[in-house]
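Take a look at the structures listed below.
Look for subunit A in each of the two complexes below; its partner is subunit B in the first and subunit C in the second.
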Partner chain A sequence: MEELLTRIARCVESGKTDKASPYPPDMRGNDGADELTKQALDEGLSPARILDEALIPAMAVVGERFSRKEIYVPQMLMAAKAMNSSMKHLKPFFQSGETKRKGKFIIGTVAGDLHDIGKNLVAMMIEGGGWEIIDLGVDVKTDKFLKAVEDNPGAFVGLSALLTTTMENMKKTVEVLKEKHPSVKVLVGGAPVTMEYCEKIGADFYSPDPQGAVNYLKQFAV
Partner chain B sequence: MNSFEFDFHDLEIDAPSIGRLLGYGEGNLYNVFSDLIRELLGNASRVCSVKAEYRIFHAAEWNDKAKTVTLTGVVFRLNDIVYKQLGKAESIAIFVCTAGPEVEKLARQAMEDGDPLACCIYDIIGSAIAESAARLLHDEVRKAAVLMAKNITNRYSPGYCGWDVSDQYALFALMPDNSCGVRLNDSALMSPEKSVSGMIGIGRDVSFDPYPCSLCHRTECLFGNPRRRQL
Partner chain C sequence: MKTVLSGKTRELVIDTEGPVVIIGESINPTRRKKLVSTLQEGDFSYVLELAASQIDAGADVLDVNVGYPGVDDARLLPEVVSAIQDNFDIPLCLDSPNPAAIEAALRVSSGRCLINSVNGKEESLKALIPVAKEYGAAIIGLCMDDDGITDDPEKRLAIIEKITERAVSAGINQEDVIADPLAMAVSADPRACMVTLETIRLVKMKLGLNITMGASNISFGLPDRESLNTAFLTLAVYRGLTCPIANPEKITSAARAADLVLGRDDFAIRFVEYYQSRNF
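Now for the complex of A and B:
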């Protein structure tokens, strides 16, 4: 059983999605995260153990390696893809309530901005950290963030922006969210954003990369 | 107004250059992704519509103190770095260029199809196309300057080198509406996203700096890093 969890973790860390996937070359022909997760469930391993002991630790390793620039975006994406192929077997258990996530994370690119690659990477890594993602997309107006917060009490919020001009819309969104829901935690990021700006607009956390956001959220996991 | 449509092959974008932008040299990992990069580059090359446009303004009014340049009544608030490079120009070329919306659509489709890696590679291809279009546009301005027996500067873009991105409004005020199909929204973001705008100085006393990244202190720039590594 332990060995199966280790193998799933290794598949996720190295981005081995399924048996048919040629990536990574040294695992060609082997079972991937898809087959091994199914096997683990068939053998009676609980979805919670697969999530907590294989997927989350594996994605944490991937995030740390990316932060240290030991791997680049493509490998991170392959890992996220492998994780998704495992998650598809776990989703029915989340939906039935049998297995719980760490919490909910609402994410979007702020109003006036259409850049979503960075936002998508952050969403994938946070999902890999065990959180349920509510992705509002791009050009998200403050009202839409507000409604999502009201529909999902206790959820955390992540805002992304590409330019200094679109970053200004973060300020508006943070102000309104904090005014109506003072306890909501708001994370910000994107190329022009800095720690100084985060403090200035009253957001709770800034991270230059996805892993920083994942690490910050760990303290709030239920 | 000078308008151009560039052929994909003239952009000189090949799979190894995309690999480098993704972070990989010529090693093992590049080899793993090279077939995929080649395939996606082929798809992008078949659909992209790469356009560029520039307009030359001969009467540039410079204000050394305020570090501004005024072109036909429109004021640009340059910062020190950019003013120092452009300040001796007699004329200014304003440009907009774009990779078009097609490659962005391919990226979005890949994401919808559950293939984030393909999405990311298309995204990098789109960025590389926009950058190469700016380089070809720059060559066109150089040719025009040579005919006037003048030199040109590097190209500078609102938002880069500390020049405020909100000067995009001034720049677009001097270009025709919907120049190359590019529009500026209220937050100064261009759409299609894979677009570049900027200024090039033209004059007898200006020069081209082959190492412009030495002016900038950013360490995490996607385009700066590979270039710095080559230096």
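Now for the complex of A and C:
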């Protein structure tokens, strides 16, 4: 049983989605995160244990490796794909309410900005931290963030901006969200964004890498 | 097809059959906080330093972007344009999402500038094409529109076709439209570079336009970015890229090498000259 959890974690860390996947080459022909998760559930392991003892620690390893530049964006995407192939077996339990996630996280790239890679990486790492992701996509206007916050009480919000010219829209969105919902926590990130800018616009947290956001959110997990 | 830009006096020809022209990207506040802080104090020494070092490294045109939160670029962009043109005889590429800033900069600029950029959205076409016509500027046509960014080269071509048609019907010459086929990160999509290369091929074949792109975007999220950028630049130049926007410090030697390999540098004159200018 323990061994199955370790094997799922190993598959996620190395991006082994399923048996048919040829990647990584040294795991060719082995069961992947897909088969092993199904097997774990069949053998009676709880979805909560699979989440807490396999997926979350595995994605944390991936995030740390990325922060240390031991792996790069493609390896991170492979790991996320493997995580998803495991997570799909857990989703029915989340939906029925039988297994709880850590909370909800709304994410999007701000208005006028079409960059999605950074936003997607953060979304998958936070999902890998056990959170439910509400991804609003790119070029998201303030109203849409506002509506998502109203539809999902207690959710956290992550804003991404990759252009110096769209950072202004990040500021506007933070202002409106904080004005209407003073208790909502807003995380910001993206290449031109800094800690100083985060403080200046009244956002709650900035991290230069996705793992920073995952670590910050841990204290709020339900 | 030839696009002619100019500084105060000097003309620069971007020729679809000619050597690579480098548009220097470094006058941009992303990761260069000092640029905004000095400019806000009315201190132009740093921006002039960035201009000089890029020209020295091989830039033929300078992209000028001063957009930053809290900056009124309709006021600042023209000031920076004047400061650069007072000191250097080089064509400029005016880079702002704000049409008012582009127009204000065109009003004070001398020579013939390039507008970066017009995209396929109706609001962009309506705001910028008349301005380009009025001031006789060339434009970069960026292939995205109200539907965002597509990964279908035929659709990217269709957006460039639309921008070109609108420009031509407003009285702008077709050769004054430079296409930007969009270069996306290959770390997120292994086909990203092939989509760009195929778009370049289609644009060159159907419209014959000069082609630009942000040439270092493709290597985001990967190590050894310079090798990747060089490989992509070389292939893109072979397909029809003529005026990449990049850091000249990092790209010029690869561009000179590509020109030589493609038979556009007789007796390797420019290749050798550049090497010697950087190494002796």
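We adopt the following convention: the second predicted complex is superposed on the first by the 222 of 222 C-alpha atoms of A that agree within 3 Å, B and C clash if a C-alpha of one lies under 4 Å from a C-alpha of the other, contacts with A are read in each partner's own complex, and residues count from 1 in each chain.
In this section, contacts are C-beta pairs under 8 Å (C-beta built on N, C-alpha and C of every residue); 3 or more make two chains touch, one makes a residue touch a chain.
Everything numeric here is computed off the predicted structure, so don't read it as measured data.
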| item | value |
| --- | --- |
| Fit-or-clash call for subunit B and subunit C when the two complexes are aligned on subunit A | clash |
| Which of subunit B and subunit C A:L114 touches, first, second, both or neither | both |
| Subunit B versus subunit C as contact partner of A:M78, first or second or both or neither | first |
| Touching partner for A:P25 - first (subunit B), second (subunit C), both, neither | first |
| First (subunit B), second (subunit C), both or neither touched by A:L163 | both |
| Contacts of A:D204 with subunit B and subunit C, given as first, second, both or neither | neither |
| Which partner, subunit B or subunit C, touches more subunit A residues | B |
| First, second, both or neither for A:K171, with subunit B first and subunit C second | second |
| Which of subunit B and subunit C A:M124 touches, first, second, both or neither | first |
| Partner chain in contact with A:E64 - subunit B first, subunit C second, else both or neither | neither |
| Touching both subunit B and subunit C, residues of subunit A | 72-74, 77, 112, 114, 117, 120, 163-165, 168 |
| Of all residues in subunit B, those that touch subunit A in their complex | 22-24, 29, 32-33, 111, 114-117, 119-121, 123, 159, 164-166, 168, 185-189, 191, 193, 220 |
| Subunit A residues within the subunit B interface of the complex | 23-25, 72-75, 77-78, 80-81, 84, 111-115, 117, 120, 124, 162-166, 168-169, 208 |
| Residues of subunit A touching subunit C in the complex | 69, 72-74, 77, 112, 114, 117, 120, 138-139, 163-165, 167-168, 171, 191-192, 194, 197 |
| Interfacial residue positions of subunit C with respect to subunit A in the complex | 28-31, 33, 65, 67-70, 96-98, 144, 148-149, 185, 187-188, 190, 220-223 |
